[in-house]
Structure formats: C-alpha cells, structure tokens
Amino acid sequence: MLHMMNKSPFERNSLDSMIRLSKKGSPVLLLEDGVYAATKGTTVADQVTAMVGDHAVYVLGPDLQARAIGEDRLLDGVTVVDYGGFVDLVVEHGTTQSWL
Amino acid sequence: MLHMMNKSPFERNSLDSMIRLSKKGSPVLLLEDGVYAATKGTTVADQVTAMVGDHAVYVLGPDLQARAIGEDRLLDGVTVVDYGGFVDLVVEHGTTQSWL
Amino acid sequence: MKIGVLVNEGPFTHQASDTAYHFVKAAIEKGHDVLRVFFYYDGVNNANKLSEPQADDRNLVKLWGDLAKEHNLDLVVCIAAALRRGIKDEILAEGFRISGLGQLIEVGIAADRTVMFGD
Amino acid sequence: MKIGVLVNEGPFTHQASDTAYHFVKAAIEKGHDVLRVFFYYDGVNNANKLSEPQADDRNLVKLWGDLAKEHNLDLVVCIAAALRRGIKDEILAEGFRISGLGQLIEVGIAADRTVMFGD
Amino acid sequence: MSEEPDLHFDTEGIKKKFMFLNRKAPYGTVYALEILEMVLISAAFEQHACITFVDDGVYQIVKGHDTKALNMKNFSPMYGVIEMEKEDADGDEDEDMVWRIIVEKESMEARGLTADNFSIDVEVLSSAELADVIEDMDVVLGG
Amino acid sequence: MSEEPDLHFDTEGIKKKFMFLNRKAPYGTVYALEILEMVLISAAFEQHACITFVDDGVYQIVKGHDTKALNMKNFSPMYGVIEMEKEDADGDEDEDMVWRIIVEKESMEARGLTADNFSIDVEVLSSAELADVIEDMDVVLGG
C-alpha cells in the first residue's frame, strides 16, 4: 500500500495520522505542502528521520522546485521522484491512501 | 482585540498560533470546529485551561449544540454566547483577528 | 456601530459563510450598520445563482440575497477572484454585485470593525 | 494498468486538481488506461466553463477538457455535489459530463488502482 | 481520434474491499455529509465496506447533534441507515458481503470520548489493529 | 423599503493600520497569491500596512521558487513589488504612511530557516513583540 501525504506537518495533523496508521514497510510519498516534512533543521525532522527508518520515503520533485527546496536541504534517505515516478509508485504498491 | 479561532485543535495549528501571538488579557472566542478545544478530558485540555487563566474565553453556543457538546462537558471558566453575544464581543473589544 | 465583513469560503464545503450570515443577521438585529459584505477567494461561490441545495438543507445563496433585499445590504463579489472561478454576470445571484478588491480595503477604512470568516 | 482518479477540490484554491492533472497526464504517457476522473465535493468546480484565469496562469478547466478530448478520457462530475454548488449543464465545460455518485464506486471496482486528490 | 469513453464498466461478480475513511469533524466542513452519501450509494454495488472514523472523524457519530440554531441539515440520522445496511449485510446468508463500522481507540481517547458517546454500535480498534485493516483494503476513499 | 446601498464610502483623510497576515504555504493553496493582490490594492489607499509572515506563511518569501514543472503562476516577484511599495512609503516625506514587512522569529526557526533564505528584507520579531504589533492594528486581514 502506498501512503500519500500532501499537508504541511506544521499546519495539520496528517503526518501524525499517517505515521500512526500505516504499517512499517509501506512506502510513503510526500507531495504538495507535504514536501516541507522532508526538509532539514525543522521541529519535525527527528520524527521524519524515524519514519525514513520504517518506510521508503519519496518526495515529489516538481513540488520541491516550486517551493525552492534544493536536494541539499532534504533529509538523508529521501528519494525524489517526478510525476512519472509517482505513477510507477502507484502501479507497484497496490492500494493507495491519501492522508489529506 | 478579540481573537477568534474556528479550527479543531487536533487537526490544525491555529490554537497554538493564537496562544503564541495574542496578548494576555485579550478575549478569545472559539467557534465552529474550534469549540472542541473547550471540552473536558482531551489532550489539549491543560493547554486550554492555561489559556482560560490568561484570557476571557467565550464559546459559540449554536456550534456546541450542533456538535452535541453539553455545558457539563465544557472546561471551567468558559462562557457560552449566542450570535448576538458574538456581535457584542466584536463591538466591545476593538479590532478582531480570525485564526483560521 | 459600522461593521464590515469578509467571507473567504463558498457555501457547503466550509462553515465560514454560514457563520458570517448568522453574525451579520444578529448585528443588523442589534441595530448595527453592516456597511458591506465582501466575498473573496472561494467566497465568490456564494453568489452562484444556479446553486440548488437539497430540499431539507439551507440555501445560503438565497439567504444572503434575501437579507440584502430586506436590509439594503451591500454584497460585493471580488471581480478578480470571481473571474478565475467562473462567477460572472450570467450566473450572478440577485442581491450581489461584482466589483474590485479596493472595495474591501475601502470598507476596512470606513467601518469601525472588520470581521473575517474563512477556513 | 487501469486507474481511477477522484478529485475533491476545485481549481485555484487548493493544489489537488493540479496534482491530479499532472498525475493523469503522466499515467497516460506511460501507457496506462485512466478509466475515469471523478469530480466530487468542490471538485465539481473544475467543470465551470466560465472560469477565466489570468493570462499568465494555467487554465485547469480547459486543460482537463483538452486532455479528455485528446485521450478519450471520461471526466465525470457528481450530480449531487454539482447541484448544490451550482454546476449545471448551462455552464458545464466541454469534455465533462454530469452523472451519479455510483460512477465513483463503479470505477473503484473496475480499476486496479484508485487515487484520491484533495485538501 | 477519440471515441466515446465507456459510460459503464462491467463490475458483475467483482467484490472489493472499500474503506470510507472519515477524518473530519461534522458541520465545520461538509466532508462528513458527502462521504455518507458515498457510503450509501456503495451499498447498491454489494461491495465489502469498512466505514471508519479516525482523528476528528470520531466526532461525526457522537449522539445528540442539534443543528437547528445553525440552520444546517442534521445528517446524523444517516449513520443509523448505515448501521441498518450493515445489519442487512450481516443477516443475508446469500450475500458474501461484509460491512464493518470502526473507530480508532487512540483518536477517541485523545478527545475524551468513549464508545458510550456514539449513536451507533462500533468496533473500537487500536491504531496498530486499524493499520492492518487499512493495509488489507482494495480502495480507500475519504475527503 | 430598500434604497441602493452606498457603493463608495468617504475614506478621505482616514489613515488606519492594516495587517495582512500570511499563515499558509505557497502553491499548496492560493491564499498567498490572493493576499498579495489585497496588499497591492491597499497601496492605492495610502494606509499603514504590516505585511506579516507567520506559521507556514514564512515559506512564501523563500527565494528561488520555480513553478515551471507545476505549470502554476510563480507569484514570488510580487513580493519585490511590495518591497518597492514599502521603500516608496519610507521615502516619501509628504506621506505619513508606514509599511513594515515582518517575519515571526519562532515560525522561521521552527522550519530551519534564517533571514538569509528570504528574497526580500524583513524585520524579524519574536512572538511576544509581534503580539504587541498585532494588538495595535485597526484591521487584520488574511486567508
């Protein structure tokens, strides 16, 4: 199952809910304002680093570029994908759930 | 200045922002999904009880009724107002700020 | 007292327009002068006359229009926000008019209180 | 692979419809069969043909319609959600059709994957 | 190049596991009402369904909603209809169709609620148990 | 009973303190863009203005936005226009008009940002300092 999360972790509870209700090993895609969760030096960086230990974490490149987040500002272990890569994740990992 | 907050404290960061950026003594009105912040026994009850010490806290009655929150479930020190009372608060307390 | 109101969201999806409506109605009943209700962002969708809620639900487009008619209330839809969202004269509900964003700043200056309702 | 898509928000206010559009386009380019895009909640506002964005911004209503035309894509607007929000035949953009909510469940059954975009 | 898209798909004999995931409080937004409409429509397709309440979604089924002063539609009776649909699914031996109504324990407790506060019968599952159920679904819809 | 409402109010000579409060990230929602339009229109009315960035609003003024792949309008150059409006207000001795561009320190730091990340010059205030500024306003608008 692919878990998708499109909300800023500073504004909403979506990241917390996803972490609580997803199984270890299921991949996670951060997109839209959700990409801020993957940046270094924030108050949620430790939480997201722990998530990277339990899940393959992907982040949508076009959303990073729009928000001026260079790859040097991403937490270690996070993989950048484009829309084609997003489609591949959906195809490869079965059911999808969007944490809005 | 009257601070208004209409978001669930479990879903959004609006309560935190309001507490951080409002001055002691300024009144607070909780409305719409914001009324959940005023209920007993929740994970934010201590935070809201502290807020009641620093601010006069009002809560919109019609929103409580819709959500089936009886007055017995409200934290101590919170005052229920109707739409007319809402208007009076706006008139009495100068500038308003809505924490959306 | 002179009051201005800003509505940021449409009917149905968020409660903002409902709350604004009840607030404006109560303010009028208390004898205050609601100078203008300004609809911005998705708030412009409150002016879509094609809106047809279920029979057992409220119709905010009509409620706003009726309130405007009864109390000579100025309901202004922001032209820039409305164009983007496809709210134009051909579907503009009775009681609303389309005008510029300056009308929001203007009412903010003229009113004693400006109150914002949104998501 | 057969893919169904649900769009919960309108153009402009939230990014959901943009992301869904890019996803659907990429899925088609990769040779997948996008069975249907279903517009629910405020998503029905994507079908308002009166929408007229600024010249330097994208026009999602048109982009969806063009994609539908080029790739024989089924864009379905929920009738119940649309009625409430005033999206009716007279303002329905080209490429969209209005139908029942059952068409969402149906595509959920028929597709190998259903992907939701919202706020 | 374009022919008409298929207006209907052949879904005969396919039975999938749908989850309807409710995460928003009622009345502040309309998602609760419109998800309910989704659930009720789905009954006609005879699919498996988990109607699930997490986060502020647990507030949707608290008993005693009174929306008169808001002048909004009180849609809480529709949860009773869902409960009846579930009983129909449970009782019909010809139909292999499972409906479940689930509340996440952690979300409920964080809000100071117990199952006694709800207007319908629910299964209360821990986060970990619910994560297993979610993972087992074919389609997850919400709003 | 109804006469036409006033289409214009006499605002001549009234100068108020407006705050435009930005709390949302850019692109995920449109609020950032539409508040910018509000600020720019307000310049014509020669009011005092505090353009303020708190919470995810601080992300709006990070430099280097590139929206090509999203096919969305990149509105970040408009912040430069606001900066110029502020300079005009500062420089005009005939005009008693104060514009400020403010960032909340706590919001900035929680997101791992410093003032060097921003495309425009800002005043960085603590929460407590900003609370005083907010309290001093006549009108607070946002989205």
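Letters are used for the chains, namely A, B, C, D, E and F, taken in the order the chains are written, and counting of residues starts over at 1 for each.
The rule is short, and it goes like this: contacts are C-beta pairs under 8 Å (C-beta built on N, C-alpha and C of every residue); 3 or more make two chains touch, one makes a residue touch a chain.
Bear in mind that the values here come from a model prediction, so they are computed numbers and not experimental data.
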item: Any chain that touches chain D and chain A; value: E, F
item: Farthest chain (mean CA position) relative to chain F; value: E
item: Most widely separated chain from chain A, with each centre as the mean of CA atoms; value: C
item: Of D-F and B-E, whichever chain pair has more C-beta contact pairs; value: B-E
item: Chain B and chain D: spacing of chain centres that average the CA atoms, whole Å; value: 38
item: Whole-Å gap between the CA centroids of chain A and chain E; value: 26
item: Chain C and chain F: spacing of chain centres that average the CA atoms, whole Å; value: 23
item: Of all residues in chain C, the ones touching two or more other chains; value: 8, 12-13, 15, 22, 41, 54, 57, 114, 116, 118-119
item: Multi-partner residues of chain E (each touching 2 or more other chains); value: 27-31, 55, 70, 72, 138-140, 142-143
item: Touching two or more other chains - residues of chain A; value: 6, 10-11, 13, 32-33, 62, 82, 95-96, 98, 100
item: Pairs of chains, among all present, that meet the touch criterion; value: A-B, A-D, A-E, A-F, B-C, B-E, B-F, C-D, C-E, C-F, D-E, D-F
item: For the chain D and chain C complex, residues of the former touching the latter; value: 10-13, 41-42, 45, 48-54, 57, 61, 83-88, 90-91
item: Complex contacts: residues of chain A adjacent to chain E; value: 1, 13, 17, 20-23, 26, 95-98, 100
item: Contact footprint of chain C on chain F as seen in their complex; value: 1-11, 14, 16, 18, 30-31, 34, 37-38, 41-42, 44-45, 47, 138-143
item: In the complex, chain F residues that touch chain D; value: 27-31, 70-73
item: Interfacial residue positions of chain C with respect to chain B in the complex; value: 1, 3, 8, 15-16, 19, 22-23, 25-27, 29-30, 32, 113-119
